[in-house]
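Next come two complexes built around chain A: one with chain B, the other with chain C.
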Partner chain A sequence: MSHATVLEVDGLQTEFAGQGYVVNGVSFTIARGESLVLLGESGSGKSTIALSIMRLIAEPAGRIRGGRVVFEGTDLLRIEEQRMRRIRGRGIAMVFQEPQSALNPVLTIGTQLGECLPAKGRRTRGLGLLDAVGLPDPTWAYGAYPHQLSGGMRQRVVIAMAIAAEPGLLIADEPTSALDVTIQAQILELIKAEQRRRDMAVLFVTHDLGVAHLMADEVAVLYRGTVVEQASRALLFANPQHPYTRDLFAAIPSREKRGASLAAPDRVYDIQETGCCYAGRCREVQSQCRVCEPVLREGSAGVRVRCVIVDTPRAPSPDGVREPDTGGDPAGGDLLEAEGLCVNFTAADRIFGQKRQIRVVNEVSLRIGRGRTLALVGESGSGKTTLGKAITRLLPLAGGRLRFEGEDMTTVRGEDLRRWRRDIQMIFQDPYASLDPRMTVGEIVAEGLRAQRIMPAASRFSRVQELLRQVGIAGGSIDRYPHQFSGGQRQRIAIARALAVQPKLIICDEPTSALDVSVQAQILNLLRDLQREAGLSYLFITHNLALVEYLAHDVVILYAGRIIERGSVDQILTNPRHPYTVSLFAAVPRFDHPPLVNVMVKGEVPAELVMEGCPFHPRCGRALPHCRYERPLLRGFEDGHEAACHL
Partner chain B sequence: MSVPMVLPFKLVMLDTDFLLYALFAVLIVLITRVRRNASLRQTWRRVFERPGAMAAVVILAVYAAIALLDSVHFRTALYAPDGAVTGYSPQILSVLDILCAPLRLHTEHTYSAPFAEHALVRETVMRPGGRVQRIFPRLIWGGRGLAGPFARTRDILQRSGRGLVEALLVWLMLLCGVWLVREGGRDPRLAWRRLWRGDSKLPWRTFWLTTGLVLLIGTVVANLAVEYHVLGTDQVGIDVLYKSLKSIRTGVVIGTVATLVALPFAIVLGIAAGYFGGFVDDAIQYLYTTLSSIPGVLLIAAAVLSLDLYLGQHAREFQSVLERADLRLLFLCLILGITSWTTLCRLLRGETLKLREAEFVQAAVALGESRARILRRHILPNVMHIVLITLVLDFSGLVLSEAVLTYVGVGVDPSTYSWGNMINGARLELAREPVVWWNLGAAFIFMFMLVLAANLFADAVRDAFDPRFHRSS
Partner chain C sequence: MIRYIIRRALYAIPILFGVNLLTFVLFFVVNSPNDMARFHLGFKRVTPQAIVQWKHDHGYDKPMLFNDRAKGVQKITQTVFFQRSMKLFVFDFGRSDEGRDIGYDIRQRMWPSLAIALPTFVIGILVNITTALFLVFFRSTYLDWLGRLALVAMMSVSSLFYIIGGQYLFGKTLRLVPISGYAPGLHAFKFVVLPVVIGVISGIGASGRLYRAFFLEEIEKDYVRTARAKGLSEMSVLFRHVLKNAMIPILTSVVVVVPSLFLGSLIMESFFGIPGLGAYTLDAINAQDFATVRAMVFLGSLFYIVGLALTDITYMLVDPRIRLK
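Showing the complex of A and B:
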């Protein structure tokens, strides 16, 4: 056999106190030089599998109950801890999601990397590794502390540490989830390159279908602790078999699904004691599914599916009803007009009392039409959230004008400002942080009604009930606290709170980035329905380009606090002008069609703002000499399509 | 002849009495509110789920009960020979004094060891026949009823045995009553077995064991204290057990009232600094940085010494020594409170800074909520866990600091019974031959039990309320 099996997991079961079996009978093998992707949503047990293989489950809360984990001929579950310690790092290495917490902040990179290397020639080998993982200045990085490195660079260091001991198997647990797409593309490429070079086996854990497509030779789809489908990448993406996999694909927003609602489950968690674990959500559920649990059956061409209706030819998963795009009417006029907005952050030097102004949003102008959705796209640090808060006047403006329905709102204060707040609301990114944990759901939703004195206290109760029903939360939840709800439900409550004051514009600050794909689909459907019914306008802040394709009418691309391109969604998608926009689209791993052009952005967003010239020039692959000192202004291409580039 | 209806006593309300009552009233109101609020009840359940915390609460409750009994002050009536009330005694007594009357009244001439029949110090006596002798005289009260020189051990055992039986009886009655009413409705035998095995959500077995132990100590000591000085007597012959019991109130007053004084400063200034920022923040930070850079002892010493001066000049305005001492105690609480708010204030400022940027606060601003309401509805409830944790953690520290300050000489009035005064006196006693250790030992045991219980309780409260230790999701 040319490809020796490196890891064989057989019937692995891991139990957590109070949660039951989080991993329930998972089996797979990985051969040398191959990569297997564990794909699943939160709670599917994908990270627990990775930790179980490393025997890093925190006891006594969690316990491996059964199965075998055979690594190069040894069953890891049956050896003593001392031997296991030698296998960790040397035999199997792991890369975690948060590069921050994987590195010790008080030790230099060199010291930490050196711990994985033999004493002889430590420095030379360490520098070699840092060079291999693509750090721009290995000698400097070797002596640097983790906080001096950016997130992407830290993840590179973590990967260098993981491959230092030449492990036979690399486990990567969502290594790019905390990173921007352009950086993600670089890190994924790095892992693939190292895998090829060292002929490593890779177990890659992710929730992102695009990433899975890019990284996998073989994909195992997990649902509630069991593998529901396992197939080679090509087969799985061409013809998903299990209803869950198919629903997963259907829930992903894309350009093709514009105007249609996404396939989303009515309920996300449905505890099923017997039968198929997916029976509660399955569209094709049959009576036998509720009684006996299906086995993982070998289908054609090595596809294994845990479903009774395997291999029967089926129609593609139903797409929702397609309705005409209502918001596409630009004649509705502008609801909000922002002109040359600037926002400063004050960095106070405490010791000397000097205050330094850092301009985070610089001369941004945008318009949001009635009933339309403007997508504000940018990576972390681009100032997109700051801009959103500045538009709601949550942050002070350092310059520019803000007009809402023709009235100047730039300097409105006091009672007028309070009244205006009714028209413009915000939905935040983290549904766990945006609801006061000490207030009941009823109090939270009624907050706006009270603050805006919309109705007497007596009739608020029924209005709150109505709002909760509108967002799909049971009316009986009114006296419960936020922690009793799941992330998706909390986001619905946050939406109800915003809707209570009947706003005209809602700023959605990455409202789905903390949620699973299927829950995201629910929230997007809800937002879409609300727009159609109430004619709401959205400013949709996101870094997820699939969302932009799906729901935006107009797009603004932000880089380092400046608009570098704007236009209608079609203009931007079909004909991006700015090299940054082009590479942003190219960096998103996609499974539906191959990347347009393979343009990878060099490096990362510089820590210090680029003061002169085009802010993107240090990373631009097509930078001209004068890009360095001459700032490009927005200039028009087609009707309404503008980009700030000298090209 | 009908005697006019006059109460045989006149209530006296000292300043600290009033504060203690108020505190307990607030505590009761808070408990009822917690019981009504489901999520708070849940969190408090987590505190009591710990056996250590349950035991600590029993101990704390005993201390609190003694402190309360010692806070009901009155003056007894003075009677004319015909039975008419002519006035009230200048001596202010508390309910505890009445309950412990034998302890209070059985004073000797000077030192005597625990359970002693004879004094510790030789006295010169004139024997009949003019012979002068230096002997250890018999105590007036200690071991008075003993028949012979060798009856003591037997008597102690007998009294302890009686105490044991009494404790057991009371304990069993309580246990049967409470436990069976609560649990025994279905199957009494099952209820017993569950209690025995500790098979309940809250550690009731620990509760009953601790209660039993406290009862046992209480009854045995009560039986012995009638006849002996269980913890000996001090230099002027006062029973040390009585002194220790009276000191409980001082400790509890200092621990609670001082925190109560500190709370408003810490909460108002901390939240204001964190939320408003800018000039307000600078001013408050300046204030607490300055205050915390002055050594606390120095500030306290200066304040207490100037109070002493005031008390010396206005001695006539106080009706009794006790009232004077009480004012000094109150003043000490005030000054301790004023010097100890900075830590909590700093914590609250930091937390408020974080909360101000929290998305739910931003959402409230975006909804047009007023500042006052945001502070009250969003900020305050979300920092209360820090207040609570600091409160219980600081309690034991304040009790200990009373001892230290009194030892240094700037603490409570020398006439106030306090562990600090007992320790202060022990400085010379430890240099005697034979060593007089019981003053120090008694103060140590009483203080140790209180501080240990408070710390155990504080640990449990912190674990239950600190989101870093526990994430509810």
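Showing the complex of A and C:
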């Protein structure tokens, strides 16, 4: 061990009652000024490792069973709680995932930050820290309560608390997973800057390959509580060795994979008692893998892989068969036309105060072609979900017209509305919340059939069976309840429910944002197959640009309730016109190619709607004087490519 | 804030009117003024003239809710309901059917009620919070388990048992305090101690368990993990972070009863012979004294409405996320 080693974790084992070993023999070291990324999907034990190092595992449910955690020469697992407390915050500090809940709601920022600082000169140092992490008005923020700050600002406060006592090691547990990409880019940059300035060691936990590539010197890939591969960033991203790592890369949607299916496991968790933990899902499994567990072996150039076939040159992971892009024919006609849609929210004073109308979707026009996918891209608060609900008429329209297959549907009601709802179905973001927990899978899928009176009750059963088979759920699941399924399976059930009434358009509201990448790949493959076979159209609401590249035909970019740019996917990706679109793409951390331009959006979406001028002008790096008072209208560039910008 | 209070006060008017009307109707469904007169005059020597005279003296000779024979507004005002119930809105309680001044009685009797209710309330909250914090500090140990067992046992025993048992043990056997009775001024102390202690003890079971649950809910939250990650001690975590958050549900659940403390407790006061408002209400019910019952019900609803408004205001004071409009 070189003297610069800050943290050495050796054979760490953590057990949770009822779940067995969540962390099973993990070892790694981090040197001063270096950053190690723990990369893994949910259930890989990455957060548990972080909490075990801090000795913050919630006992008695969880227990550290073995191993050593040596920090600056002290084994943290062998010292008294009182000494451990002095190391927390001062030696090792931590930044958490959810900035919404990581701060105490009833104490001011100043009070909470002050707890990390010595009493003498507390306020001055606190203000200095808040300034250092980039809060625009430190004096105000110091006296403010957490709910008065945005998510990004709160995460900056959490970082300020973490670096307050100059720790030797910073643990960041998915610090940006709950934030928008433009804010994520700012926070990641902040962490890197603080690391450089203080020469800290950083242990960074994430599930995002792009974020891992941006933050890592060294990457450890975790699968079910063990490190399956560890390598320097360059080597891991250039030549992933372990089958799991390779599958992970193959499961990421990207532009290059358009038209091909993504690599997705057939079975998600096949509990393996003996042998390699990945044997159940591995494409290259050999008979010995099921018997004895492979050790983490040193390969070439310091790559360590827990696999028997290390260093064997192999063909890249098999990509699925590439089919010609369907729906590529724009002449297929429009299925849905929306013109000048407006949606208002009523902010009512609690009892009999005045009602205020807030326009959250403003003059949005879009067209969805038959068999095509329109991606609706925007960050939180852009109105994208509201727009989706308004198109299904789940929310009232304050203006505009909706036409479906040429018929005006803006004001249909009663029986006509029911028919229209049959043609347009919706899949929601959170599969854990969108299925009624007290209904069986069969009832959930059959409900649409019953409501639409599509078929006699007698034949519904077989239809439900058929639908479940179509989405890859075993027919025997019909009497089970949603909680008995994993997130990915639940989203398939939601898809079966939507398909039951044979819709022509499905509105997918971030259907994979709560899922792991390998599960996301399964869902995307399913949606793609359905489009090819049944000619479905999708309105795909997302903030994930990789999904847009992979499956969209047309793209609409929404900012503050207005369309700021639209065009075909090629036009938008190769030649984005609006500065917001450009910086949105630049903010997404990429490992496959460098960002197009290096522009970071400054600031955050203002809390008050920008009433005059371009809605983006306060954050735009290229704003001209008249952007402030003159609202740019959508104007055409190439064929069908429009952007609302004065430039 | 002031606008909020004014609005709440305006809402209270229709509610109190409804409460008055309902009490009025319920009372006279069971009783007629004739019954009342017979009851008060004694059943034996009642002549029709005496009944008419009694009704006239006590204001029950008018129609109940609507006067056909009167003119204009008087159709409403010349009724028993209007004459007797509407005056409550200006806190004119009038005379009881026994002829006593109700307002004077209430002013006299609220002090003994408060002498019991207020200490029981304050000490009770402190004891319950301490018990809950103690159990939470020792959570998932045998001490916690035993403590919870004791709380369930205490909760399962009727409060009547504590009263009678306490009177027997401290009053009769040990002769530490009088069994019942009351004296004004400082002498009240020896009469008040036992009811207060018993009131506190009989409340620990339910509230202690509830508060423990509030604390445990908070202790699971992310900000507690953040606080621990800063290196704070378990004591600072509990007192500075958890207690302040758990006080929000605790305070808002107890504040509603604060105004009603004036009205005392029916059971405690009648068992310990305390001449407070609880005993007063009970006596009035037994004596079919409509005027007094009506006044106490009115005060009860008024205090409850004030309690609800205080709860909202407390919310605003303790939780920075809430601002009343």
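Assume the second predicted complex is superposed on the first by the 642 of 647 C-alpha atoms of A that agree within 3 Å, B and C clash if a C-alpha of one lies under 4 Å from a C-alpha of the other, contacts with A are read in each partner's own complex, and residues count from 1 in each chain.
Going forward, a residue touches a chain if its C-beta (ideal position, glycine included) is under 8 Å from a C-beta of that chain, and two chains touch if they have at least 3 such contacts.
Since we're looking at a predicted model, the values are computed, not measured.
> So if we stack both complexes on chain A, do chain B and chain C clash, or do they fit?
Aligned on chain A, chain B and chain C clash with each other.
> Once the structures are superposed on A, label A:Met161 by its partner contacts, choosing first (chain B), second (chain C), both or neither.
second
> Check the residue A:Glu98 against both partner chains and state whether it touches chain B (first), chain C (second), both, or neither.
Only chain C; A:Glu98 stays clear of chain B.
> So, A:Phe16: does it touch chain B (first), chain C (second), both, or neither?
The answer is neither, since A:Phe16 touches no partner chain.
> Does the superposition put A:Gly89 against chain B (first), chain C (second), both, or neither?
Only chain C is touched by A:Gly89; chain B is not.
> After superposition on the shared chain, which partner residues are touched by A:Gly448: those of chain B (first), chain C (second), both, or neither?
A:Gly448 sits against chain B, while chain C stays out of touch.
> Quick one: is A:Leu56 in contact with chain B, with chain C, with both, or with neither? Answer first, second, both or neither.
After superposing on A, A:Leu56 lies in contact with chain C but is clear of chain B.
> Which of the two partners, first being chain B and second being chain C, lies in contact with A:Leu107: first, second, both, or neither?
second
> Would you sort A:Ser434 into first (chain B), second (chain C), both or neither based on which partner it touches?
first
> Out of 23-31, 77-85 or 257-265, where does chain C collide with chain B after the chain A superposition?
With the two structures superposed, the offending stretch of chain C is 23-31.
> Please name which positions on chain A make contact with chain C in the complex.
By the definition above, chain A touches chain C via 54, 56, 59-60, 85-90, 93-94, 96, 98, 101-107, 115-116, 145, 147, 158, 161, 349-353.
> Would you tell me which residues of chain A are touching chain B in their complex?
Chain A residues touching chain B: 389, 392, 394, 417-419, 421-422, 424-426, 428-430, 432-439, 447-448, 451-452, 481, 483, 494, 497-498, 501.
> Could you pull out which chain B residues touch chain A in their complex?
My answer: residues 39, 358-360, 362-370, 373, 377-378, 381-382, 472-473.
> For chain C, which residues count as touching chain A in their complex?
Contacts found on chain C: 7, 140, 221-223, 225-233, 236, 240-241, 244-245, 248, 318-321, 324-325.
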